[in-house]
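Just dropping this structure here.
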Amino acid sequence: MTTTTTTPQAAAAAESLRGKHGRDGITSAVFAAVLWLCLALICVFLFFILAVIVQKGVARLDLNLITNQPSKIRAETAGVQSALFGTLWVGAITGLIAMPLGIAAAVYLEEYANPLKWWNRAIELNIQNLAAVPAVIYGILTLGFVVRGPVSIGAVVLAGGIALALLILPVVIITTREALRSVPQEIRDGSLALGATQWQTTWRQVLPAAVPGIATGSILAMSRAIGEAAPLILVGATTFVTFNPDGLLSRYTTLPVQIYNLVPQDRDAFRDLAYSAILLLIVVLLAMNAVAIWLRNRYQRSW
Amino acid sequence: MTHVEPDLATVPETVGVPGAPHGIRVDLGGREDRTPAGEPDGVIELRNLEVFYDKFRAVSGVDLLFGSQEITALIGPSGCGKSTVLRCLNRMNDLVPGAHVFGDVTFHGADMYAPEVDVIEVRRRIGMVFQKPNPFPKSIYDNVAYGPRVTGMKTGNMDDVVEQALRGAALWDEVKDKLKQSAFGLSGGQQQRLCIARTIATSPEVILMDEPCSALDPIATAKIEDLMVELAKTYTIIIVTHNMQQAARVSHRTAFFTAAADEHGQRTGRLVEYELTGKIFGNPADKRTEAYITGRFG
Amino acid sequence: MLLIAAAWASVAVTIGIVVSLLAPTVTFFTHVGLGDFLFGTEWTGGFGDKFTWDDKSWGVLPLVVATFIITVIALLVAVPLGLGAAIYLSEYASERVRKVLKPVLEVLAGIPTVVYGFMALTVFTPILAHLVQFNTIHNMLSPGIVMGFMIVPTVASLSQDAMSAVPLALRQGSYALGANRMKTTLRVVFPAALSGIVAAIVLGISRAVGETMIVTIAAGSRAHLTFDPREGSQTMTGFIAQIASGDAPQGSPVYYSLFAVGALLFAITLLINLVSIRMVRKYRQAY
Amino acid sequence: GNNNDTPAGGDSSGEALSGQVVVDGSSTVEPLTAAAGELFKEEQKGVDVAVGTSGTGGGFKKFCAGETDISNASRPIKDEEKKLCTEKGVKFTELQVANDALTVVVNKENDWVDCLTVAQLKKIWEPNSTVKTWDQVDPKFPKEALPLYGAGSDSGTFDYFTDEINGKEGESRTDYNPTEDDNVTVQGVSGAKGALGYFGFSYFEENAEKLKAVKIDGGKGCVEPSVAAAQDGSYTPLARPLFIYPSDKGLAKKQVLSFVEFYLEKNQEIVEAAKFVPLTDEQKTKAKAELDKLKAQAAGS
Amino acid sequence: MTHVEPDLATVPETVGVPGAPHGIRVDLGGREDRTPAGEPDGVIELRNLEVFYDKFRAVSGVDLLFGSQEITALIGPSGCGKSTVLRCLNRMNDLVPGAHVFGDVTFHGADMYAPEVDVIEVRRRIGMVFQKPNPFPKSIYDNVAYGPRVTGMKTGNMDDVVEQALRGAALWDEVKDKLKQSAFGLSGGQQQRLCIARTIATSPEVILMDEPCSALDPIATAKIEDLMVELAKTYTIIIVTHNMQQAARVSHRTAFFTAAADEHGQRTGRLVEYELTGKIFGNPADKRTEAYITGRFG
């Protein structure tokens, strides 16, 4: 495409188009480099943390970790089975409480509530606020109402599940609403125009279409819950437990709580164990995140 | 959204309408002969219809009588309230927050907005097809069977119902081998016909269509237009369209709307002219209608 | 109807929080003046029931200041990094790069805070000790920095959403006038997305203020008024975690102080959040 | 599980037990009870021992509220606590399970201090103490900052230490780093050259390579904390007994009674596994007598 | 997006074009007399232009010579590549991921795509106005001053530059008292004129406009059209429009594009006819042009 600059006039035009913004180009490049550096730094930090954990944790990442119970005597073969099971129990309870409640609330707000009514707006604002309330506050709430206070079930696994369910409830509601909102209005109109009721439309069209979004959001919320320690320490997850929970009213510990107790331990063997437990927890969480991402990519729909 | 340019070879040849004042050529598809004369034999009637969205008056003072087994086209520039009027006819406006409907809307003479009326039944008997094909994310079969299922219709064999509806929508031959496949696999025109089949499956009397072809290419458009003409033998059809050629080609009667601003700058849609389609395009009574159909605005 | 009940559950939770915080807090303030609480510079709540109402050592300022300092440090890390990353992802990165990097950021947000806490204590504090002279292993600098990285995804992801929501037409308008990418980003996209970006930062602040494990582990449990980030000091959340895990005897002053601090924390995050919601509302229809 | 408790009564030996033993209280005693629980589980697979660390004071609060079967304590129960338990109808027995020597520790690199008198410790720790650097303790010491780590106020260790050093239980300066978790003290002291802290002997033993124990001069010359010194009483004033307090309600459950029996009978083995200071023969005899009384009580009820 | 219905009173009366074959009435706004004869005196020239979006060939084989100080209209059905061609003319396609431009694009004979060309300079000298008014969320003043500022133009007093540009866009009188107010406070038509002012402020030679009136009401449209005619005295203007009446009213020359599918179903845009506007609307050489301007497709 360089055959055209023949006439003197064209040569002048070509000259006039030539770069006058060289310095501009340099600042621009520096700016891009700085941005790139920001991302690089974040990634370096992440990989550094993961590397430290893997390096220190891989030594004790053996079968003992999940087949054995914690031990004060035999640091070298101690495991975290009770904590792993505790985490699963608490996670399951959290999910069973938060998901139906959160999804139901989201369906109400998105499909039924009249957004012009003040009380619905109040609920909405309230949920946004709850999403920013610190986790320890949920711990205090559960401690005051469930562990002691009116319900008084004590420091049992159900109480831990309730604390975490309250914590992620607003997140589940918000992400579910997002998912419902992304189901196009045409689907609803189409169903209603055929004579389906609002409930049939919601149950048979909107919810199934929103399942991937709801699942993704819920999994991310659950993975946040499973990594939480602060509220559980408040509601009395016990530190030394050598048995797996066997019911809703069983005492328990969870992986984050166990890690909280293990890492600063004096014997190196315990610290290695702590890092393995961290590794185990992160593997569980990354697996959950991966499922969420997979779901998102797999079912992402362009309507 | 993709917008498809017509393949010229398939655009039907148009014929000049004798007496069209400025020579604009509309194609009446050889259907002038079927044009009913005089007042239509009404199925749905609007009297002094007025619709508000909150405080905003979207349309006002609309009187219309829709003829049975006819195709009525609603035309007019964007924002003049065509869709609003159409949504009044099967109470879809109930779903729009803030929408309020005043005036009389009667179906075979019965007030459609009376408190005792079952809105579900209204919607079953007055079906609707939308601008963008909106199949459900289900199989083709389930799309068609959805309406009969949710309305609890007493149908014999569901397979038969589905086949009937798909045949009615001129889609059966194209999909009969892949009924269990997702409806999203169909082309836009097929999807729109599927939506029509879905509507037919609930045995409605009236079918409302809001710009049913505006997302389709000319070939698909031609198919849907043929289908509409076919369906008009059984159903009453009311169609909103932006495409005047389409209105001219398929409809028996045409209602032209426009929106005029009042002293406060509020723009309210009004019915300008309602006439046999041949008359509207051949010899409009109103200057505004003429300006619109000759392409000077809109 | 069940659905409505579910929606009201969120309100019930709020009422529960307020009720569970309010009554003990009121009791607390029948003994301690609000002014003494808010502006007192000495906090001995950590000494549990050894202290009585008369000790006049219920000034929450040390906890608030520590919370503030750590939050500021966290923001000094999170805001530049988060915004840099957000701008890169929104304006510079290709769709493919974005698809890879966003989940990476999410991983950062998914690491349990206990882990961050111990990383701060056992890895970052020793590294920082090469650069800064610490008196104790507990300090506010290290947890602040680590917390900053923890909230980077919050800031980055929401800011990126805000910037991506700026209509393409504005960018095109700028390019068509001969602006380059940097100028378009800084002069058109960034200002247009400012309300969303501010909201993202505010959400980051409320996460930093409410974060517990990192500070409990790495900032120590000594509540004292200091503005020196090289020293450790207990934060509001740290105090709550310490007392609650030590099981404060019901009825003792420290038991009530737990709720007073909790109420203050709740009020602060509520305020921050209301401001952010207001801000988003106000500028939402900007384009 | 907590719902399949085995009621006590009759001969429990050889019988397979099940159920939970819920223990809370002193963080000093926790490793010992946890070790006992672990060893017990080898004999009784069906019994689960859960051990919490709320501190001696915190533990008694739960104990008296009936939430736990056994409370660990690093000091004898106080009169107020007794009263609280009586009010709530909780009866209990005191059993000494080990000895301890409260150990004052400094950083390994601290080469100026070897021995501290009680008076010097008091100067450091008394309420409103203004000591901030070592030279304020003794002009011979360098002007090195003196960060302090100590027990949290819910702990028996705090009560005991303040009582012995400052002369009144609970009296202490407040501007130190209080913690229920002795590992934080280990971290803190090993992390700063001038730092000083105190905790139980077993914690020191496990961290002997990281920390340096300070000899204590209680008036009769400098004495190093050691097993022998703790047992023979020469380590004054910081040698102390460690206890468990089973409740009568707890002992009514077969698995709890059996656990307590085990705790005392296998005391030597448990104490060694957990690296604590064992009981003297005299203390053992006394504990045996208490135990027999309990057994008789259980058989009688 | 609001779409405004025209106030009929302001639609200019049209005049029949003598010799227009089917009587379609186009308004040449009394500008036939200015129509230059023969080959235009070219500013920008396209030779054998071909544009791909990834593997998709959007337009192909376009040869065009745009006349200096003329208004050239690009018309054709949706998707025929008008916008694509327009974006080649100031290298806006550089910003579209996957877009590749082949063939020659010359500006005063100089290759616009040569490696040493500064694209910033190209865009400054060849300005662009978009379909939807897109003022920046800044004050009116800052909107106009933006271009000179970011391109580092050596201007004297910025106030003067802003005033000149606003006057040039026939907006000065309407906004001179509120220069510091947000541009969002302006009406759609004012916003579009602001965008034109913004473009003028960088002293371009050529102004590209992509359907600049399609989001405007008839009054605003009329104002912009008048403005274009005025601007054509100084600038070279190339406009994409869907509205044939508009093309007929304002342009000197018209290029008609369409897209035809090849054997694989790939639809590639091609230039059908490029002629003086009067000729295109009065006596098109190509059957497809005729079909398009008579409204039979598109």
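First chain written, first letter: the chains are A, B, C, D and E, and each begins at residue 1.
Methods note: a residue touches a chain if its C-beta (ideal position, glycine included) is under 8 Å from a C-beta of that chain, and two chains touch if they have at least 3 such contacts.
Predicted model, so just to flag it, every value in this text is computed and none were measured.
Trainee: Which chains sit in contact with both members of the pair subunit A and subunit D?
Mentor: Touching subunit A as well as subunit D, we find C.
Trainee: What is the chain whose Cα centroid lies farthest from the Cα centroid of subunit C?
Mentor: B
Trainee: What pair of chains is linked by the largest number of C-beta pairs in contact?
Mentor: Contact tally peaks for the chain pair A-C.
Trainee: Hey, which chain is the most central one here, using CA centres?
Mentor: A
Trainee: Would you mind pulling out the distance in Å between where the CA atoms of subunit D average out and where those of subunit E do?
Mentor: One centre to the other, that is 87 Å.
Trainee: Could you state the distance in Å from the CA-based centre of subunit B to that of subunit D?
Mentor: Centres of subunit B and subunit D (C-alpha means) sit 85 Å apart.
Trainee: I'd like the Å distance between the centres of subunit B and subunit C, where a centre is the mean of that chain's Cα atoms.
Mentor: One centre to the other, that is 55 Å.
Trainee: Based only on mean CA positions, could you tell me how far subunit B sits from subunit E in angstrom?
Mentor: The separation of the two C-alpha centroids amounts to 36 Å.
Trainee: Subunit D: which residues touch two or more other chains?
Mentor: Within subunit D, residues 184, 187 contact more than one other chain.
Trainee: Residue numbers in subunit A touching 2 or more other chains?
Mentor: Residues 21, 24, 264 of subunit A each touch two or more of the other chains.
Trainee: Give the residues of subunit C that touch two or more other chains, as numbers and ranges in rising order.
Mentor: If we look for residues of subunit C contacting two or more partner chains, we find 121, 180, 183, 245.
Trainee: Could you list, by residue number, the parts of subunit C that touch subunit E in their complex?
Mentor: So the residues of subunit C in touch with subunit E come to 94-95, 167, 169-170, 172-180, 183, 187-188, 191-192, 286-287.
Trainee: Show which residues of subunit A lie in contact with subunit B when the two form their complex.
Mentor: Its residues touching subunit B are 114-116, 184, 186-197, 200, 204-205, 208-209, 301.
Trainee: Show which residues of subunit C lie in contact with subunit D when the two form their complex.
Mentor: 42, 44, 46-50, 57, 121, 125, 134-138, 220-222, 224, 232, 242, 245-250
Trainee: Subunit C touches which residues of subunit A in the complex?
Mentor: 21, 24-25, 27-28, 31-32, 34-39, 41-43, 45-46, 49, 52-53, 100-102, 104-105, 107-109, 112-113, 120, 122-123, 125-130, 132-141, 143-145, 149, 166, 169-170, 173, 220, 223-224, 226-230, 233-234, 256, 259-260, 263-264, 274, 278, 281-282, 285-286, 289, 293
Trainee: Going by the contact rule set out above, which residues of subunit A touch subunit D in the complex?
Mentor: 71-73, 154-155, 236, 238-243, 246-247, 249-251, 264-267
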